[in-house]
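Shared chain: subunit A. Partners: subunit B in the first complex, subunit C in the second.
On to the complex of A and B.
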């Protein structure tokens, strides 16, 4: 079948955009799969929390953003970083704790940041991104440049007071702030059913006067469409909103998690039937817009890119004792 | 001896993008639970002793349980026995389909549905002819009539306990059957053909993609896709036919129709023409590639390689005639009580 030249009226992105979406999701997936393997070797310091399985949500949102827009991520931040344009080589080196890393090896997995890309940082403190985003959104509002700021939080982290206070603040000041709840069903190992009293995140938003939307976070197009409307509205002065993405994670809460809380066969079912990359690929190939060979070429590129990132990270030097006192304070 | 009924309450209706683009209602979980409690007390008042509920993990169940526990703590007995079906919750429409099937197997006399048009469609798909009664907790909701659920609960109670005869208690409804290569789906109100090839956020609001519309009834007092047909040529639920509307971009339109396609969301719709949709006649989409939206939500995509047919089916399923039940109750004094005396209608 010959691919049509235009996707207008068929998909919300042109062919180039669809390929870019796939490339981003594939980069995240390969980055995380490789980390899963490398972490098991014991060379990586600290904890890592993998975003594999959740790529459609981060990518579908981030494709609406530019470098001026700010995001604040979670402890599970690699996917957000890649989606926001942070260099995977620098990220990999950062996770290995090397001087060549995005934050000179001082942040590690849970504190990767790159302000030049609008990425204010992954965050080891649950719910801590939301107040930061209110500040960034307030700045964007004062500048009047149409910028938006997006906070990511998990279903567990959404119980933090900081998150709820931020919903209130954003509503009161009508900030261009968007709160994304990445609901993968588990707060570490605790089921959402056990831990969240008001079971609907949309209800929480409504309680603070914000509109809330729930989407299938495994469906790139569902996220892309919903996020697009929410972000457009915020840019135009329409105010804050909450977006709940229902999703799954393919790995444990952290690497090393035995996942005894999972149901029997749950992971197999996820891999077979709920893989957002597979779902995306099938949709665009079936529509005849993209050929499988084009996706395979991207797979090869990304495989080489991630291999290069790991080699680079392993070869890079560690920080020295003298580096301890640098980058501590910033002059404004 | 009271009859058993089922209640299927969808915790995730009214959660889509129309909260943002159209200020649509986001009915809270506690409100949905309170609706269930109101219905429970009304069906009990009519003599229903046993209710099967769909399990869900959206929170309705917890609030209903607390409401029943509080009543029992106070010594009140105005709720029937409530049991939840036992299966693994998926958090998807599969829960609704499974609940409807199991309720049919357990012999319920009717199923009360809380949700939007999509939820009602799922129940009808799987309930095997059990009458349903709709309570609108969705967004556009052309199918369930808008009224206080207390009244719906009373009508269901009166109908299933045979206090109102079946001829007044139930109505037959049309449906539309869509077949793609033999795979069958249904719609209760409308089937829309759009150019988009992805399901995405499901809701329909990009009017430039609309190409064709088939409706079972066309009511100018509703919103959404059915409103397009309703504002062109009203068709009632009892008419034998439906309506078929062909849509075009505004520049090519013979009629430009200002239509509320979502709550408070007025858009110009380009109309080429419209005609009655005849029952038992096979229609095919006018475009070769696109998606099909069932009751306002994109569900299926198709290409030129697929065989797609659309057909209006009369007398397809049964609903509780809430208005008929309450009119009958009034005419026959079913709700009257003797002073200082409880009746079999309750009156606690």
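On to the complex of A and C.
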């Protein structure tokens, strides 16, 4: 007999783990939805690329990592940052270009990093994170500390030579590196089917001697279980692997993108049927493991947290002329 | 104790001593050991020109031969550096930067600034530079100005074995990314080099010859051409001061400006192409800082605005000569 609220045999996480997963996904969603609204008001400078709709993938992977593990992210990096434990207040202030930001206002949305959390940076250059992750994995291997490093790349970025070279390097050196292809169907405005000739990214992995697996990236549990297996294998010295997450992008490539390249009804269908947060909530509630009221309480908490982050970011001081020339070198 | 050793041996010794001192130092590059995975000799090459020969036996497991994938392994060196290691990556020929430049100038160079001062990337990228090896357009360039232009990078180009050892040790200990340029025609050049470890600070030019009539400012292989020119001019009673910049970023403006003010005649010599070169950069700074001290127009002696040619007769014409430098001194003094 199982205790009330037990998840045994139903889910790979206990109740606390499920609530934690939901909290992370909800934080990412609210962070991005709020940015969408604030950007429309014209208060946010530069380019912003939102991770909304992709939360299940980043969260399902990141829940297997500790602070020793490293990740390198993409343009669409806010979700990876939050999943890896970067403070949303610092992130929000960074996106507003404030000196209280994660990177003192010098990085912006496309370059948020927090090395103390193992987050090696969102990256303005597509595919550039893969070689860096080989280095992080090499450092872990030299130290023998059991750490792994994860490179996130989109279906578009996966066409870069840096990414393909890195698959080979990680394979020949048997590095604890994992390459996650977040296949949201679009490279900017160009469809995945136009720009990638193979049917599956797993075929690409096979071409470099790496095992690979494709999962439904909207299904948190599918991602969580596949990532867990791949990460465990890498930690034990089994080498690199590729994980393809098939997912959707709720918004445009960047904020302001009119998305005229989308099919008719595509976005309505995404909202109605392909929202990974809704899918997660329905699963755990229908299983009787978590009550709707418990999720609603988290929603309220996160709503307040994001509001606080925006208030903090708006009130935070701007950098001064003095900041322009600092931190180019450690010493010069 | 100093002995006469070649620049090749001096670089090897610097790597050896730093690996022995610091377990976070490791070396990676194409054929830096040589023979990996084959049926024959391991350490078959020790680098394409034998600079890392013998290190593998002394530091097993810490020299990594890489696939021919410059983007992946230079990026891996950068990533490992950002995670607390001190990699020394050999790019073989600096001309190969074309295939991996993003990892150098958009990643390594920018991490500290983009991440608000919260990153350190202590990576050294060693590479051969320069013409005179009959290696033609894609294996002979002096691309130092391209790297010097980039904030976040440090750029070093020694002219002799003594400086090569001390500057490489400093490069490895330095907490910023360093591009360490080794002139391939200087590998065999010998100098007195102490056996013990020593570091030469960055941003300290070396006055390799004193003089009161003119200043010749240069670096790398061209230091030797400048010294030849100065020796020829001395026979005519013209005493040239020759400044070896040693590091191009940071650069020792104080020594440069002080000498220009004393002599009033300046020749900037660069094996790079003329436009946006180190010579042009130094000329502009001197003009801005001490225009009134100048007694004649600053002269630039550089390679022409052409790729490096193959045919030996053309390549010899391409490389700035001692004669061209001496004539430039005379041109400035004719004003």
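By definition in this document, the second predicted complex is superposed on the first by the 324 of 332 C-alpha atoms of A that agree within 3 Å, B and C clash if a C-alpha of one lies under 4 Å from a C-alpha of the other, contacts with A are read in each partner's own complex, and residues count from 1 in each chain.
The definition used in the following text is that contacts are C-beta pairs under 8 Å (C-beta built on N, C-alpha and C of every residue); 3 or more make two chains touch, one makes a residue touch a chain.
Keep in mind that this is a model prediction, so the values were computed, not measured.
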Superposition on subunit A - do subunit B and subunit C clash or fit: fit
Determine, under the contact definition given at the top, whether A:329 touches first (subunit B), second (subunit C), both, or neither. second
Subunit B versus subunit C as contact partner of A:12, first or second or both or neither: first
Determine, for the superposed model, which of the two partners subunit B and subunit C contacts more residues of subunit A. C
In the overlaid three-chain picture, which partner chain does A:162 touch, first (subunit B) or second (subunit C), both, or neither? second
For A:199, decide between first (touching subunit B), second (touching subunit C), both and neither. first
For A:134, using the defined touch cut-off, is the partner it touches subunit B, subunit C, both, or neither? Pick first, second, both or neither. second
So in the superposed three-chain picture, is A:283 touching just subunit B, just subunit C, both, or none of them (first/second/both/neither)? first
If we overlay the two complexes on their shared chain A, which of subunit B and subunit C does A:221 touch? Say first, second, both or neither. first
Determine, under the contact definition given at the top, whether A:106 touches first (subunit B), second (subunit C), both, or neither. second
After fitting on chain A: smallest Cα gap, subunit B-subunit C, Å: 24
Quick check on my understanding: which residues of subunit A belong to both its subunit B contact set and its subunit C contact set? none
Can you tell me which positions in subunit A touch subunit B when the two form their complex? 9-12, 192-193, 198-200, 202-203, 205-206, 211-215, 219, 221-222, 224-226, 229-230, 233, 241, 244, 246, 263, 283, 286-288
Flag every residue of subunit C that touches subunit A in the complex, lowest number first. 26, 64, 66-67, 69, 71-85, 87, 102-103, 106-107, 110-120, 151-152, 154, 174-176, 203, 250
Spell out the residues on subunit A that touch subunit C in their complex, using ranges where they run on. 70, 72, 101-107, 111, 113-116, 120-121, 123-125, 128, 130-136, 138-140, 142, 149, 161-162, 165-166, 168-169, 172-173, 326-332
So, in the complex, the side of subunit B touching subunit A is made of residues 11-12, 15-17, 19-21, 23, 26, 28-30, 57-59, 62, 88, 91, 195-202, 208-209, 289, 301, 303
